[in-house]
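Report on the following structure.
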Amino acid sequence: MGYINTIIILGGINIIAALGVAILTGYTGLFTIGHAGFMALGGYMSAIMAKEFNVPFPIAILIGGTFAGLCSFIIGYPAFRSQLRGDYFAIATLGFSESIRLLLNNTKTIGSIKLGGAFGYMAIPNHTTVLVVVIAVILSLFFMHMFVTSQYGKNCIAVSQDEVAAQMMGVNLLKTKMIALFISAFYAGVAGGLMAFYFAYLSPSFFTITKSSDLLAAVVFGGIQSLIGPVITAFILVLFPELLRSFAEWRLIIYGFLFVIVMIFRPQGLLGYVEMNFEFARVWWNKMFRRKQSGTQEG
Amino acid sequence: MELFIQQLVSGISIGAIYSLLAVGYALVYSVYNFTNWAFDGFMAFGAFMAFTGITSLFMPFWLAALLSIVLTVILSVGTEKLAYNPLRVRKAPRLFMMISAMGVNLATVNIINLIYGGTFRKFPVDNLQPIFIKGVSIGRMDLMAGGISFGVLALLWIFLYRTKWGLGIRASSIDILTASLMGINNNAVAMIVFAITGVLSSVAGVFYGIKYAVFPMMGVVTIKAMIASIVGGLGSLPAAIVGSMILGILETLVSGYISSTYRDLFSFLFLIIILLFFPNGLMGKSSDEKL
Amino acid sequence: MSEEILNIKNLTVDFGGVRAVNNVSIALQPGEFVGLIGPNGAGKTTILNLITNAIKPTSGEINFKGQSILGKSPDRICQLGISRTFQNIRLFPQMTAYENVELGFHSEPHYSLAEAFIRTPHARKIEIDTRKKAMELLEIVNLKEHSHARASSLPYGLQRRLEMARAMATSPELLLLDEPAAGMNDDECNDLVQLIRQIHTSMKYTIIMIEHHMNVVMDLCRDSRIYVLNLGSLLAVGSPTEIQNNPDVIRAYLGERKQHD
């Protein structure tokens, strides 16, 4: 039972972080390989809030997410303002994430707070339970679904499909990308917070490029412009290595080859693009709704 | 003063290694408009092949370096054929190209990790005595890395600006479609561009391995080369070299006079500052997309 | 004389050493429909790109409704009331026809970001409203039955119409059409002429149209003017009949045909 709980909790945390990458890479077309950095920021911030300032943990998590979101502007604003499309940004995310790790590795204390540097930040209260994670995943998915189907979300999709045309039709690129990035970093930060309150300690070594690659993998395999796809793959990608321990060192090699194969043969991913996303969800929703309706009629 | 000169020479040699990598990125970017993330893995691959040549096959240094260049070129051209070309033919979005490149990188780095393990290895070259010029000691390795890197770059310049093939590549970087209509063989251009990329990453990998260490994640340093090519201005070769030299020298001075721990943090802050004040890099032009 | 809606003065742009547009001045009254013609490479599309600030001019002025729009970002210019179509169609390929048009309406969202997450009745009402307006536009361009088709799957002619509908969705006062009839046969051209004329009269747009089909231009601009560009410079301005009889134009633009006759 403990084992299943672990998988549900880690899977749920991975889902929330992957949703963050999905809005940015899947929906807005911005390539990121540094989301581990935002997870670290959110994780450390919410842990500090809860441990040092006795902030109730749901609020601590929201503060952590907001903090990660605000920090994302450090790279977002300079990178998006320069007109040279995605590349600057992708490089900036990697540099940002590595810088965060470097800073954490070398910061033993901030004032009276003992962050512990490379040894990790210890004795964080333990709050993340299966129930907490399940509620967090449901809320995350709900709000993300609301966003991507909103006018703001559709502007993100337009930017990902043709930036120039979107701008000519009146979409403010800087604002649209900044919104997507804020939400994306917020989700990663929340995932980091949940992680802190589950492990009860945080170490900079949790937040390496490997973690960022894992998140990117969930979105690439799950599908561009899809929420349900990355949700499924984010969970599977946690489940698999747990089930097959010997698979561990082959994992990233297989991901690597799969990236190439998916891009060549099925670039839309497992459940990518509109019809598999919106239509699929609508059909499913209608079915649920109608069953309920016919149920009441029969009853 | 002596320390300053030593730092400067060291900075130039590190800048020269960044130049090789940055030029590799800029070359692919200028012709194909995407960042070749796989470069990172190619570099580590190049270093490990030379390392294996010396330690397992008992080759002399120059032969091992040659082996490394040949194998890295094969890997680079093979990657183009298998991972990029199918996407380019289909006119896939840039995002897909970047993801595919990222995949090649993940696979390469982790295969190396699986075979060799993640430990840091010292590159097996004789410990060369530094040269003393007017009491200032200068590492022979620094001189060699700087000298050979600039030699390679000079050869590349001659190739690009003084040969028919170079003209073809430059034409393709302006407009690949028109170039192909004018009779330039796109596939041949791709082969050459990625072969050059292979040579550059192999040489950079070997020198970086000698200067620091050989390990699977050593390719992370390519982020410095990317920062350098952004600082210079993306897509232009001279700008990439200028950016690399500036970054290499500044970085070495920072680690010498301020703190070596925060050297990488400094590079990143430098990137942010450049992007804020020179959105197109120091020497870059803004790219207007064709409508 | 009423105030000009668009006033371009001495517009010049250099690409490297080439002067792509040379000292061009164009003035439009509200509601006018003018044509912009000229041989390939004359700088026609460049002028549209300059108006929408896809390219920055070397010198000159562009005033829209009495206000300079030089240096304003393309999205700002669109919000001010200038919209366009593209020579080589640029729809959002993976979005449906309906979604493409809808985007024009909400490129500047009509509700707050907070309302995006908790769709309030206010936001819902706006979305339903937008949907109705988008469907109306699709009906005007005869694409209603294709509203759920993916834009990239539509035939070429329909994609052009869809682009027009998307441009109209941004509620422009000035509409820039870049070769709307390119690649169409005579029948399709006739349908298009009718559609554009209907749009022009019913929506009260001011329109600048670049077009190579002479019949289309002469027909649509018959009550107005045609500007002829050659090698970046304005060669002639006048009514369709004046243009057709202008010896300079015939030499530069229709010269070949005259020899064949």
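Should a chain be cited, it is by its letter among A, B and C, assigned in written order, with residues numbered from 1 in that chain.
We take it that a contact is a pair of C-beta atoms (placed from the backbone, for glycine too) under 8 Å apart; a residue touches a chain by one contact, two chains touch by 3 or more.
Owing to the predicted nature of the structure, the values given are computational and were not obtained by experimental measurement.
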Central subunit by CA centre of mass proxy: A
Dominant interface by contact count, named by its two chains: A-B
CA centroid of subunit B to CA centroid of subunit C, Å: 45
CA centroid of subunit A to CA centroid of subunit B, Å: 31
Rounded Å distance between subunit A and subunit C, as computed from the means of their C-alpha atoms: 40
Junction residues of subunit C - those touching two or more other chains: 54, 86, 90
Subunit A: positions in contact with at least two other chains: 164
For subunit B, residues that touch 2 or more chains besides their own: 289, 291
Subunit C contact footprint on subunit A (complex, rising order): 143, 146-147, 150-155, 157-158, 161-162, 164-173, 179, 225, 273-274
Residue ranges of subunit B in contact with subunit A within the complex: 29, 34-35, 37, 82-83, 86-87, 92-100, 102-111, 113-114, 220, 223, 226-227, 230, 234, 261-262, 264-265, 267-269, 271-272, 275-276, 279-280, 284, 286-287, 289, 291
In the complex, subunit A residues that touch subunit B: 25, 29, 31, 33, 74-75, 77-79, 81-88, 90-92, 94-96, 98-99, 102-103, 106, 160, 164, 209, 213, 216, 220, 224, 249-250, 252-253, 255-260, 262-264, 267
Residues of subunit C defined as touching subunit A within the complex: 52, 54, 73-76, 78-79, 83-84, 86, 90-96, 99, 102-104, 106-111, 113, 115-119, 123, 127, 130, 150, 166-167, 169-170
